[in-house]
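Input: structures, listed below.
Next, two complexes with chain A in common: one pairs it with chain B, the other with chain C.
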Partner chain A sequence: MHSKKRARQAYLFMLPALVFVVAIYLIPFVCTVAFSMTNWTGLGFDMEWRGLQNYVNAFLDKNFLTVLGNTFVYFIELVILQFVVSITLAAIVNGEYKGSGFFRSVFFLPTVVCTIAVGFIWNIMYDPISGPIKIFFDAIGLHSLSSVMWLSNSATAIHSVSLVSIWQWTGWSMVIYLAGMQAISPDLYEAADIDGVGPFRKFFKITLPLLAPSITINLVNSTIGALKMFDLPFAITKGGPGYATETLSMLMYNYSFSLNKMGYGAAIAMILFAIILVISGAQMKALRKNEDNIL
Partner chain B sequence: MSHMSRIVMAAAGLMCALVVAAGAETTELSYYTWYQSSDGSYPANMIAAFETKYPDIKVNLQVGSQNVDEYLEMQQVKLLSGKDIDVTSIRSESYGSYVKAGYLLDLSGEGFLRNYNKSYVSLVTRGGKVYGVPYAMDVYGCIYNKTMFKDHGWKVPTNYKEFSALCDAIKKAGITPTVQGYKDTWPIAQDLQLFMNRAVVQDPDIYNKIDSGKAKYTDKVFVDAMTNLNAFFKSSAVSDTNMALTYDQASAYFASGKAAMLMHGEWVLDSIKNAQPDFEIGVCPAPLNNPGENQRGVVAITSVQSIAKSTKHAKEAKLFLDFMSSPEGATLMDRALGNFSAVSGIDSAKLGLWKDVLSLPSVDFAYDYMYTGASSEMFKSAQVMFTGKMTPLEVCQAMQAAQDKKSK
Partner chain C sequence: MRNFLRQAPRYFLLILGAFLTLYPFSLVLLTSLKTTRDYMKSSIALPSVPQFSNYVAVYKKSAILPGFVNSLSITVVVLVLEILIGALAAYALTKMDFRKAGKYQLLFLAPMILPIQLIAIPIYLIFVNVGLTDTKFGIIVVYIATGLPLVIFMLTSFMKTIPIQISESAMVEGASDLQIFNKIMLPLLKPNIAAISVISGLGVWNDFFMPLLLLISAKQKTLPLKIYDYMGQYNNNWPFVSTCIIYVLMPILIFYICMQKYIIKGVVAGAVKG
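The block that comes next holds the complex of A and B.
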């Protein structure tokens, strides 16, 4: 009796949050699934049932397949490079020496800048006429690199955008790895020192395994962020040249709001959702298993 | 009358005045637009003048985003919900779909339509009815560095052959002949106009035919236009940095005297003037024509002012449109913004620069009535074509594929 009363109280306390989740997440999700099976334009309420036709059309669309490929390129580059760079930086700034605090702040600073502003800044950086990158390469005599139009050459544009994203978010990952490193007991390193273990072996045999929880958090976050990237390529290149830097989120946005094909855009949204669910789910499973083995 | 009686009478009179004032209803209109002059004076001054004329009507101005997509999204939300929108500025490319969706009030037969040139009103007529006033016009031409032309003895071209020869001469002088902001995609259409206007001149109904399937983007006229654009891009007439320049950067490039010409409309002049060029700006008709063919002035209705069908104040909204369509209201717009007013008889200072273009028989913008999906695909595929990864025919095929999706 007493436990039933307590359960009722618990549900009452949960109710506001539940209402919020249902209203903000569940209902829109169900609506998106429904709209993805119609030809709704987004204007008015006229729509016809299409079944899975929007999904079929997506996979038959050459532009969709190009953009899907771009999304995976971003995913691979951002996840791998951001992991390598941020863990390296964390290892470098871990430790109390003169300037370590300053460098931690400097590396973290891009994270707090609004992504749209980052896009505008890097547009100027990549300017082929008077941008700092061109001026730098000219100054050191690398004229072949100074003449590259980084953002309007389809071979370099996507990697140029990836680089900006890595520049912006590495500091965030670094801070999480730093916190993980500082939680590792110094006794383990002392014991390793006594055994004559070198710094690289210490890193790979002690630091890296014990960073498993931080690695899980960072990899899953960067995976989800990379797969649903929108604001940075939108600000820097608007998806161009052609579709070279466009992502699934941008394609969904264009179809839904610019081309008045909300039903098709909803289908793209559901495909993106499924991709993120599968990849991040598999990643979480594998990384948690790895954590359990190590810890 | 005793002192007390006077006080009571005065108090009663004050009470009556307050009651009358409370009873006099003020109608509030919501006006959603993207139009705002750079100093913010317009349309506030136009609204103030209207409210002076009609003290019982208050206009709640809402200036939307200057970003086209953001503006359209908000406008669609307002029109769909029917809330917070009585009068609104509609982009010409959205007008047709809004009419079809039933968002706009029928204005056919309204007196203020007589203030406009009949040919402009016909451009906003759908199914025999008018759902908005053709508020502002864009005019397209060749903007050139007049000082540079004078210094080098170059003559303004009157056809495409003279234009090509002029570009060669400019290039030999070590100056970039033309510049454009291809990175922003839509400026590609400004160079494409040189070649694609032929389709509109040959058949003003071409886009309706494409919509109905009677014509295709893979027809010769469009493939030729795309082939000519590709050749133009690869020629020395075009800056080799076009692909890396945004619209603003291209305007600044021209304003700094690095390029001799810029194919654009009157909207770019503000951008050029803000960069404070130290030369005289000239405008001539765009060299769309071959030798022996007539020159044409390229003109389009760029925005329509309409009343939302959901409005609860149709009478007041029509008064507002009437005022905007009057010489007084239209002159305020003309003075403040780069666009031309479509209202007849406005004495516009801008006319001087564009006089030659406006004096010619007019033809519409080459891309104005294209289905948005096809034009969007055209811009993106043209970018890919410029990198050498698509042929002009493949670009036209992509445009047709996008057009075919319209009905799916």
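The block that comes next holds the complex of A and C.
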């Protein structure tokens, strides 16, 4: 009797949270699935059922394919470079020395700044006339590089945006790696010292394998972040030149809210969701397996 | 001295990294203190005479302060409500030995993988039809929902570390669940709640997508959206743009310096795998 009453009370405790999750996640999610199979404009109630036509159309849409390609470029660059830079940085920052707290705080700083502001800061950095990057290349005599219009040249724009994203988010991964490194027992390193193992071997044979759980978290995190990127390209290039830096999130936004093709926009959102699910799911499976092998 | 030499490569890399991280910020600060003419002469030199006229001009032209107040009030209300709602759910999931806890936990955590874009269209349409676009209430509701999965995830993992004996012995003494929640759990979780608030609050404060979608009138816009609008107007007038950026950075910098400990703790706690 008592426990039955308590179970009822448990539902009462969860009720507010349930209401939010159902109203803002579950119902809208079902609606998106349904919209993605219509040609709804979002205005009025005129709509036709189109089955999977929107999905088929997407893969025939040249702009969609460009943007899909961009999304994969962002994904590859952000995941790989951010991994290399942040884990190296964590290894350098880790340890006891003067100023360790200061450097940690500095490297984490860009992650707390709003991405829109970061986008504009780098617009100033990349400016093709007055930007410090141009001035730097001029100063060291690399005039072929100093004349590059980093953000308005379709060959360089997407990589320039990637670089800014890495600049902003490396500190986040670094902090997670750092916490992982500090959880490794110092005995292991002492034993290695006794055996005369050098610092690089220590890093690859002790630190890296034992960081497996942190690596999983960071890779999945940066994968999801890269795949659904919106703010940074929106602020820094607006997706241009042409569609060179546009992401699936931006394309979905433009179709749904600027061009009133809600049905098509919903289909793009669903495709994005499927991509995130497949890639992060596969990653998680592979990385967990890797963790199990090591630990 | 020998010790220092051994540390020299480390310091070299650290200083290089710190320079690459901080230089863009210092450039913006210097640029904000220059006149346009001064900037044209040299974009990277120190201002010939530092002057604050940009700050006065931008402040007068753009409603920075109301944007700040909007962002702050939305963030505070969202945090208070999502932590309360999330903590109640986490308590039910971990402390009320309730059989379907596992299933419900999954239901609460599943939204973490749903990108916001997936629910943006229906939310927009529903909000337009019930008159919730361009209201603080509407955006607060969305933020509470989008924040809850992480809050519940973090709070359940913290609550699991609190021994069940504590609530059981209180129960024997005749305390109700609501009393245990209120008098025992919340005070015990204070440092964790601080860490969660900081992480979740930063997400709300810096968010751009939802305000872009839902807030229309200048009166309701949050700081990131306002800044985005002004940047467009000042198009490549970098001293003005820089001033805007500094206005946006100042509150978050002060916050960062004061709350750093909690921020880092929150990042790490949020990353613990489930």
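Points to keep in mind about this one:
One rule holds for everything that comes next: the second predicted complex is superposed on the first by the 284 of 295 C-alpha atoms of A that agree within 3 Å, B and C clash if a C-alpha of one lies under 4 Å from a C-alpha of the other, contacts with A are read in each partner's own complex, and residues count from 1 in each chain.
Keep this in mind: contacts are C-beta pairs under 8 Å (C-beta built on N, C-alpha and C of every residue); 3 or more make two chains touch, one makes a residue touch a chain.
What you see is a predicted model, and the numbers here were worked out from it, not measured in a lab.
In the superposition on chain A, contact of A:P16 is made with chain C only, not with chain B. Looking at the shared chain after the overlay, A:N57 reaches chain B, while chain C stays out of its contact range. Comparing chain C and chain B on the residues of chain A they touch gives the larger count to C. Once chain A of one complex is fitted onto chain A of the other, the partner contacts of A:G42 extend to both chain B and chain C.
Look at A:D127: by the touch rule set out above, it reaches both chain B and chain C. Of the two partner chains, chain B is the only one touched by A:N153; chain C is not. Judged by the touch definition given at the top, the superposed model places A:G240 against chain B, while chain C stays out of reach. In the superposed model, A:F257 lies in contact with both chain B and chain C. On chain A, the surface touched by chain B in one complex and the surface touched by chain C in the other have residues 42, 123, 127, 257 in common. Residues 3, 6-7, 9-11, 13-14, 16-18, 20-21, 23-25, 27-29, 31-32, 35, 42, 89, 92-93, 95, 97, 99, 103-110, 112-117, 120-125, 127, 130-132, 135, 167, 171-172, 175-176, 179, 213-214, 216-218, 221, 224, 227-228, 230-231, 234-235, 248-249, 252-253, 256-257, 262, 265-266, 269-270, 272-273, 276-277, 280 of chain A are the ones that touch chain C when the two sit in their complex. Taken in their complex, chain A has these residues touching chain B: 39, 41-44, 53, 57, 63, 123, 126-129, 149, 151-154, 237-244, 254, 257-261.
Residue ranges on chain B touching chain A, taken from their complex, read 69, 72-73, 76, 79-80, 97-98, 101-103, 182-185, 241, 243-246, 249, 253, 372-373, 376-377, 380-381, 383-384, 386-387, 389-390, 405, 408.
Residues 7, 10, 13-14, 17-18, 20-25, 27-28, 31, 39-40, 43-44, 85-86, 88-89, 91-93, 96-99, 101, 104, 107-108, 111, 113-126, 141-142, 144-146, 148-149, 152, 177, 181, 202, 205-206, 208-209, 213, 223-224, 227-228, 231, 236, 238, 241-242, 244-245, 248-249, 252, 255-256, 260, 263-264, 267-268, 271, 273 of chain C are the ones that touch chain A when the two sit in their complex.
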